[in-house]
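Presented sequentially are two complexes of chain A, the first with chain B as partner and the second with chain C.
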Partner chain A sequence: MKEHETLEQRLHEQGISRRSFLKFCAAMATMMALPPGSASAIAATLAKVNRPSVIWLSFQECTGCTESLTRSHSPALESLIFDMISLDYHHTLQAASGFAAEQSREDAMKEFHGKYLLLVDGSIPIKDGGVYSTIAGRTNLDMLLEAAKGAAAIVAVGSCAAFGGLPNAQPNPTGAVAVSDLIKDKPIINISGCPPIPAVITGVLAHYLTFGALPALDDRGRPKAFYGETIHDRCYRRPFYDQGKFAKTFDDEGARNGWCLYELGCKGPTTHNACATTKWNGGTSFPIESGHGCIGCSEPKFWDAGSFYAPLPAPTADVASVAKAAAAIGAGAAVAFSALDRAKKNKVQQSREKLTVDDLKGE
Partner chain B sequence: MSLDDISIKVTDLHSIGSVDALLNEIATRLERFIATGEPSMVDLKSLPFSPAEYEALRTALGRGEVSARLETIGDSELYETHYAGVWWVTHYNVEGDVIADLIEIAAVPAILHSQPEDVRDGLERLQHMLGR
Partner chain C sequence: MEQEMLLWVRGTGLQIAAAVFVVGMVYRMLHLLLLGRKMSLAQPRGSEWSGGLRTMWRRSFVSTKLSARGNFTVIAGFIFHIGFFVTLFFLGQHIALFRAVLGLHWPALPRGVIDISAVLAIGAMVALLVHRFVDPVKRLLSDYQDYLTWALSFLPLLTGFMLLRKIGFDYITLLTLHIASVEMLLVAAPFTKLAHMFSTFISRWYNGAVNGFKGINI
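Moving on to the complex of A and B:
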């Protein structure tokens, strides 16, 4: 196996100028929500690090996460993102197949034991001994437990690997679970979303390489730089919410005016992700910008959280008063609702009472 | 029913205040730049601007005397705004998507400077060509 050289050497060999690299790092800083001036510091560090071995295991999944990453709008992704790492196993992307493919995984696990990054997409079925998903005759469960042993850290890519996702939805016939349900002794980063924003996947990898450590994580194991705020907090339609202007149907006056989609079931207030700022398809737009509410795909059990078109449920008394007070002071609503998300979420899910729009609007 | 029957109105979003807030931020950074020479940047992609607000910002800042273009892993457009020392820097990838959109407060945007590594590399190539 080829020795893992530094990124600087790789770029130099390919005739990529330092200025190009600085531009790439400026894009990285934007992705990682770091101060924009930090590009030169990132460049200095990234250039010197050894490219880590990455093993990517795809389990009970639809390949949407890989699709998301390989269609990333990152600068010349194929030549730069994949130059930052040494992707030693990815059964969809690699040229090798069959025994040769499995051999390269085993070689990488042996040679870089304790140092490689393990990326996982897809959930892991554990019912009936894990027989519902196998690769090369081995269960996903078996393969994950083996590969996790030598990993420096594990990145759970997508809502399936992070939280169980669609396979885990009721009635969960295969007993699908998340990576964090099975592995307890390794650092795990959850990059949730169905699929996750490609820039977030690459941003987390870049962060790990730049700082040699995992980024700060929230209480669900997600990097705060991308999941620290709700869609609602950063939504360009937020002013309409604060003004109490809501679309009531998808073709009414309010919808045409671009008013808030809360009443049409938007899950923005309880969904933590970077869609509203990072956006999709090369920064073109995000669902709300196209007139559809957020479906909350980066949150656990989003598939079982009721209709995508029903307004968010909420407990009545105290939350309604919080929301009312917040609506009255406008900008404070973001803070109030963030607090609401975390502190009250379990209660909300248990009680399943609907917060009416009148409650939110106040008087 | 034809498309013309669907009324689409452009709603005035200027009253939201995001553009004014950013212009104030830029003014504060310019004051600091004048006082201490400290350059700084604002990441526009991190701000939840609507398309209309974005255009309002472009109009407010205008275009100044200098513009430059990088041709590296896609293009980059840089121009000084109507306010000297305030630069609008937009990086594109090879597909033409915006990958970074920045307001840079500086005498010259940092990325325009020749990088020491590239200068050394260039000298090497020149010497090689001259057979030295």
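Moving on to the complex of A and C:
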């Protein structure tokens, strides 16, 4: 296997113009809020770097993350990701199958040891030795630990790889965990979302290739440039929230007037993601623009945070039944203790000796 | 961790707080009622019920001339209680909570009104605390419970206001702090003087009923 060619050569072969490449770099620079002028710097660097080997492991997942990336509008900038990297192993996308596929993964791991990027989507089940998800007879756990050893960095794509996602939701029968729960000695970048925004995946890779390092991350390992703000911070319905104007149902007057979806379960205030600015489907819109609240898909445990349609103040556990039981206990205790009190009082009264005039006379 | 903490205060934390609050309150109030009174054998000169109910209502209006508490305490106390109730029961977000737990809901007041009521309640509480420090009699009368209950009532107001007005921290942190502060209030309420949120009415009824029985119409 020869060292991978540069992006410039590759684009040239594919007949992609320099103009659209520059456009891509400018878009990336803007999205990541880099200073003006960085677009040309990105372009210059990107054009020259060797396309890194990328091994993409798909574990306990639904392929939605890959779909998000590959079905992005064409010819979308996002699809340039496949020109920026040399994708040496990806279940869904590779032509090879069976032994040949596994062989290419092993070859890439050997040849680019210490240099390849490891992309992971899906969570890793670790219960019962990890038997709940296997590839070519090997558990996901085993494969991840092996592939992580030679990786320069790991990108956890999607909420499952980043935080455990749906498989990790209560009661988590397979013991699903996130990549960062297992790997502690490699730089890990979490691109959460269910699925993540394709432009964010591409942006992070472009950043890595340009600067040779991971972008600044938040305390959840997510790139700050995309996850620094909440949906609510940048939501165009925010003025209605601030005025306390809430849609009560999906088809009432308020909903038709575009009022805030808070009472219909919007989790925008507690969700960090770039949907409100980067948007989806080639910049068409984002869910709140379609009249549906944010479900909080880029945050840990979002499946366990109560119904998607329950407002944020609603309890996530059954409080009413607890309160009813508590009332019964309180009432029972009050009745029992009053009975005891009364019994005590009666006893004292009965045992009291009657005072007689003789007692008072004294001796 | 922040999401997990928010999840905890919205779930298990709330269940614990609700359980302690309800067990404690029902126990204390019922125990109070069941203490009972000896039957009065005297001839009633009026109705206990009307006297009791009237006093429950009438005592909400204190004549500062007749009260030993002084203008400042009465007025600031009034402002605090009204501001607190308006904010608690008429903010849309709170009504959404009552709706989720009790199934009951009612129209919210506009946000501008809530802002005013919250600021009034917060201001009155601060003023009352300062007065407690400055006034020598009040200072001597105050013990740790007075300061504890002040803090427990103040924190939900403060964190809630910061949350609505985006002051200080991010939404998740403030929401978590706000709910947690309310839970602390709920847990402490039955066992401190905060229990007056229910016992006030029982004791007013009792006073009024005694007078009503004797035919005293106040």
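Going forward, the second predicted complex is superposed on the first by the 291 of 363 C-alpha atoms of A that agree within 3 Å, B and C clash if a C-alpha of one lies under 4 Å from a C-alpha of the other, contacts with A are read in each partner's own complex, and residues count from 1 in each chain.
Methods note: a contact is a pair of C-beta atoms (placed from the backbone, for glycine too) under 8 Å apart; a residue touches a chain by one contact, two chains touch by 3 or more.
If you're wondering where the values come from, they're calculated on a predicted model, not measured in any experiment.
**Student:** Just to be sure I read the superposition right, which of the two partners does A:Lys301 touch: chain B = first, chain C = second, or both, or neither?
**Tutor:** The second partner, chain C, only.
**Student:** Counting only touches as set out at the top, which of chain B and chain C does A:Leu22 meet: first, second, both, neither?
**Tutor:** After superposition on chain A, A:Leu22 lies in contact with chain B alone.
**Student:** So in the superposed three-chain picture, is A:Arg238 touching just chain B, just chain C, both, or none of them (first/second/both/neither)?
**Tutor:** Touch partner of A:Arg238: chain B, not chain C.
**Student:** Considering only the touch criterion stated at the top, classify A:Leu261 as touching first (chain B), second (chain C), both, or neither.
**Tutor:** Neither partner.
**Student:** A:Ala276 in the overlay: touching chain B, chain C, both, or neither? Say first, second, both or neither.
**Tutor:** Touch status of A:Ala276: first partner only.
**Student:** Touching A:Ala148 in the superposition: chain B (first), chain C (second), both, neither?
**Tutor:** neither
**Student:** For A:Phe246 in the superposed arrangement: first (chain B), second (chain C), both or neither?
**Tutor:** Once the two structures are laid over each other on A, A:Phe246 reaches chain C alone.
**Student:** In the superposed arrangement, does A:Thr30 touch chain B (first), chain C (second), both or neither?
**Tutor:** first
**Student:** Quick one: which bits of chain B touch chain A in the complex? Just the residue numbers, please.
**Tutor:** The touching residues are 6-9, 11, 13, 16, 39-43, 45-50, 53, 70, 72-74, 76, 91, 93-95, 97-102, 110-111, 114-118, 121.
**Student:** Which bits of chain A are touching chain C when the two form their complex?
**Tutor:** 230, 232, 242-244, 246, 262-263, 269-270, 299-302, 304-306, 310-320, 322-323, 325-327, 329-331, 333-335, 337-338, 341
**Student:** Show me the residue ranges of chain C that touch chain A in the complex, using the header's touch definition.
**Tutor:** 3-4, 6-7, 10-12, 14-15, 18-31, 34-36, 91-94, 96-97, 100-102, 108, 110-111, 114, 170-172, 175
**Student:** Which residues of chain A touch chain B in the complex?
**Tutor:** For chain A paired with chain B, touching residues are 12, 16-20, 22-24, 26-27, 29-30, 33, 35-37, 39-40, 73-76, 80, 234-236, 238-239, 256-258, 276-278, 282-284.
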